[in-house]
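These are the structures, in structure tokens.
One chain, subunit A, links the two complexes that follow: it is found with subunit B in the first and with subunit C in the second.
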Partner chain A sequence: MSADISRRKFLERSALGAASALFPIAMVNVVFGKKKGGEATKSKGTREKSDFTFAYISDAHIQQISGNKFVRNWDQGLKRAVAEANLLVPKPDFVMFGGDLGQLGKKVELDHGAEIMSACKYKTRYVMGEHDYYLDMGAYWEKLFGSHYYSFDHKGVHFVVLNSVLTYDSWNNKWPSAEERMNQMAGLDNPNGTPFMVGEAQRSWLKKDLAKVGRDTPVIVLSHSPIQKIYKGWNFWTEDAEQVQALLKPFSKVNVIYGHVHQIQYNQIGNISFNSVMATSWPWPYPQTYALVKSNLPVLTVPMNRADPFFERDATGWQFIDVNSGKVAATYLLPDNENRTVKYSNKTGRPEDVKYQDKRTAAQEHY
Partner chain B sequence: MNRYLFVLCIAAVLIAGIKPEAKFMISEFLEKDSQLGLPPMKIPEDNPITKDKVLLGEKLFMDERFSSTGKVSCSTCHLPEKAFTDSPLKVSEGIDKLKGTRNAPTVINAAFNRSQFWDGRSPDLEDQALHPFLNPVEMGLPNHEPILKIVRSDPGYVNQFKKVFDVSPPQITIRHVVKAIAAFERVIISSNSRFDRWYFRGENVLNDKEKQGFELFTIKGRCVSCHVIEHTTALFTDGKFHNVGVGINNVSDEDVARLSAEFLKTMYNQSDVDLKVLADSKTSELGRFAVTRNVTELGSFKTPTLRNIALTAPYMHDGSQKTLEEVIDHYNRGGASSDKEKINPYLSGGIKPLNLTDEEKAALVAFMKTLTGKNFEKFQK
Partner chain C sequence: MSKKITTIFAVMTLAFGFIYADTFTKEDILRWQKEFDAAAKYGRQLWENSAEYKLGTNNVACAQCHPNAANTHPETYPKFQKQLGRVVSLADMVNWCIINPLEGKPLKLDSKEMIALLSYIHSERRGVKLAPGKH
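Entry: the complex of A and B
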């Protein structure tokens, strides 16, 4: 390779080169109301639609060690995400927190987490995570952040926030104490575990809520667990996912954005695009070497070989979400890693990893 | 006082007094000295190293005429006798004693760097050499023309450029100039330290304290994760950029927001970045972010090598830490230069409190002093 070629490559990589290497935050926004074919149209109805972004921070797992001592690593992860989100240009319209603000649902944890989040300069809304819920069935969380599930409209998009981490009453009531219930729910691959669900009451609320929404209005569902069935042992799972999906079926543009998984996932089921968001706390699975020294990580059930255990922020991150054409483009900000963007492709009709889509190796289909 | 001891003291003073100042000699670098501990160097195909080119590069490197005042050369801030830094200056001084914002990084082993400058805004030695000539707080030239005017008319240079590049005076360009400087810099390498002889060759040249320091360096101190030692070589850097808690706290949250927004809104080119980061101390603290505009790299700077570290005080990108002891205290606190300083939110995930004892800190310092390369040992006091 000649020196000039390598120099050009270097400049492209470092964003100092020509305009070809745009910073992801300055991403070109597709004008809202663009049709699937790419042809721009005026939006129907009277509501003005415009393109916008929002930031998404999730799975901070703020954990009390004792008294006012908290796990430094998890604190730093959330502080970092908030500080970076505050610097976004263009500014996000609002911030979502995707659940699991605390680790064991304690008041001190939720308070400490809310205090760190209070540095956020934007309007912030919250999603319930199981780590926030199972100590007092969401009572203190509700006091801090409001309803467990709700909907709102923003610039022509209908947002629905679900509490998707509910489960059977029989399971909730079988434990000798609230702490024990929380601890059981916090375990992964737990034979005493139970699947998450949205539940009948919330589904009938959702049905009514969606009845008022036009079929062409983009709908974005925000939940903690994936509204799809991926892996039950880790509750990458929602027991009544199909019923919820059925309620979303009539709409032409639907996205589900979920936390909980601590990794980048994306999928397309029928008309619904799924995007996960990253955790600010730890990656899952994490490498075995993470646990060589005493740490506050949950017990490892499956090792991974990608995150660098030295750099505690590796394989963690947060994201901002660009709502192009009513479809989501999630840009992941990944410290100690290259940032990535997962964007809905009009061509293939599914979310794609913008940079790596062409470089994917075929999925393993037999085990 | 014992008479015998007195005589000994006098003798010691005399010896110290008459000890000649150690001098840098390029000839020592042109010999094929052992490169024990260093990987093979990648040399650009279009700029092979020749002895004549190195000698031309040395002359250019030392030439003070390539500045607006005629008093500043590359070597003003990269003094060979100071391990190619301007130790003990905190930040470098250019024309008219104008101060930049950053501590002069050593030229030694810079040929192995994956990128140049503290924020990596330059890809290689040739490109790097273009910029200080033009920076208003460094050498302050309006453009490269004054340099070309000199090398095209000075008979010595005319002969040397003819010999090295086979060019006539009008054909000499700034590319030739920086190629010669880069060739000179590529022979300024240093290895074969006591550490190398012990670690790679098994010679028993480290004492117990230094060996203990090495253990701490690789395990409890976590140093080796960024200051890398490989199986057969050791550059003592990962070539990456990290926020280690130095500098960014000097900038208020409001100023970080204001300055970062400026970079996110405007696509600055390499020269703009060069001007901005050296002109303003607050902008300087944006670090790698000013180059990549990636907010996860705010306040990040390149991991410097630790080779010859005993000779290059003060430390860190802003020269804010006077001694190796201060540096270790900073890391021991988990990325803060005092117990009162808050931990900045952009801190690299690798930096956390280390719980080192005073004895362990001393051992780490002792270990770092074994990293002086053989050809620079004469400069170590």
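Entry: the complex of A and C
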């Protein structure tokens, strides 16, 4: 009897182990109300549930060494995420790439990254990251992937993709060369840096874009930088975050999913739920661990485990996103670590980790 | 003869050393601080421009993963590193990073570069309580 139980437990555990080894990304599943064959509707009872997931891969930072040589470590992270996303069951409806495909925005880096991404079996859309942008202001990226910002509808959900890594013209024009501008922007802790912003032109486009959308239609905003202010020193920050948030205020179900931070973060500000996605390249420290400066990690966040440097892929990952009743449940698929799921709770009205929200472990303590 | 001179020199050094050993001026403190700051500044350059200074071979910089030297925990060393099976110093871990993520050759422990890197890491962690052995 007890041998039976332990055998069963062992099988369960090995199945779990095998599953987590297979899926180091996070998937997001979305269930949204949608009227048959048309627009989302305000009236309850006539809704047809639309249930879908999509995969989210981000921050690959493909980095050229010279010629056709690239940093092996970052290549492997992206290749692994793509291979695993292709194995997802159920199949995701599409894949998002959350920005920073290259490290220094070079054509060879974007080309090499695009080639690795081309192994993805699903329709893939891209978000602009600062490492993609600041060499040629997104010109080559645009050739490969299209508009810098855009929106689309999927099964009753309105998706908005923003280029949130813009900044002041005065900063853009102060460098002697495009390469120097890119190098300056590439240093996360560079004191000569400048804050990210969505900017006025894009905000007025967003206002028009959202004017066509029903107030009960779930809205998912995809950006590279967080549309909230966490720590300016590392640009975990969007300068006009409040103005963008104000445009999203009229909607009953709003999610913002962002990359850039290379770590698990989540938050709730008014009606807006925030989820970060992991990087496939390398993890970043939480800002509060920089002892010389104060920062504001969203209080809801139960941090990811402290990275074990001896395991190359530890504290990196990808995600699948389950959109459930208009709210995001993000599952983080973490190689060399236990997967995590952060899901919107209807009870508390905020995203919560399904396992660790109220019981943190020693490994989640960052200092 | 030369023995005699050496002895006299040694005695004088000891005598003056004894008299002056504990005495220093504000200028001395400033100079010593300047020396440290220069080492930390060079450390920051190595941290940020690791490729130019040939710390590694793959263009990866320390600062890519460790902005402001965060997540290096200098106050916890020496500590037991389970993957190495022994108690190691911060310098050992700096070399571990140079060998692995940077794909370079380890620095000599007393090299100008290693001292500079340690100076920079510690300077970004000023004021944090010592916690040797902490994991």
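Going forward, the second predicted complex is superposed on the first by the 290 of 367 C-alpha atoms of A that agree within 3 Å, B and C clash if a C-alpha of one lies under 4 Å from a C-alpha of the other, contacts with A are read in each partner's own complex, and residues count from 1 in each chain.
We take it that a residue touches a chain if its C-beta (ideal position, glycine included) is under 8 Å from a C-beta of that chain, and two chains touch if they have at least 3 such contacts.
In this text, all values refer to a predicted model and were calculated from it rather than measured experimentally.
Asker: In the overlay, answer first, second, both or neither for which of subunit B and subunit C A:Asn73 touches.
Answerer: A:Asn73 contacts both subunit B and subunit C.
Asker: Examine A:Ile65 and indicate which partner it touches, taking first as subunit B and second as subunit C; both and neither are also allowed.
Answerer: So A:Ile65 only meets subunit C here.
Asker: Going by the touch definition up top, name the partner, subunit B or subunit C, that contacts more of subunit A.
Answerer: Subunit A has more residues touched by B than by the other partner.
Asker: Is A:Pro335 touching anything from subunit B or subunit C once the two structures are fitted on A? First, second, both or neither.
Answerer: first
Asker: Considering only touches as defined above, state whether A:Phe310 meets subunit B (first), subunit C (second), both or neither.
Answerer: A:Phe310: touches subunit B and subunit C.
Asker: Quick one: is A:Pro285 in contact with subunit B, with subunit C, with both, or with neither? Answer first, second, both or neither.
Answerer: second
Asker: If you stack the two complexes on chain A, which partner ends up touching A:Trp234: first (subunit B), second (subunit C), both, or neither?
Answerer: The answer is second: A:Trp234 touches subunit C but not subunit B.
Asker: Where on subunit A do the contacts from subunit B and from subunit C line up?
Answerer: On subunit A, the overlap between the subunit B and subunit C contacts is residues 72-73, 310, 312.
Asker: Quick check on the complex: what are the subunit B residues that touch subunit A?
Answerer: On the subunit B side, the touching residues are 44-47, 115, 120-121, 123-124, 126-127, 222, 225, 253, 256-257, 260-261, 264-265, 267-270, 273, 291-296, 298, 334, 343, 345-350, 352-353.
Asker: Where on subunit A is subunit B touching in the complex?
Answerer: Going through subunit A, the ones touching subunit B are 2-4, 6-7, 10-11, 14-16, 19, 22-23, 25-26, 72-73, 76, 79-80, 82-84, 86-89, 310-314, 316-317, 333-336, 339.
Asker: Provide the residue numbers of subunit C that touch subunit A in the complex, in ascending order.
Answerer: Per the touch definition, subunit C meets subunit A at residues 48, 57-60, 63-68, 70-71, 73, 83, 96-97, 100-101, 124-128.
Asker: Could you pull out which subunit A residues touch subunit C in their complex?
Answerer: 63-65, 71-73, 187-189, 233-234, 282-285, 289-293, 306-310, 312, 366-367
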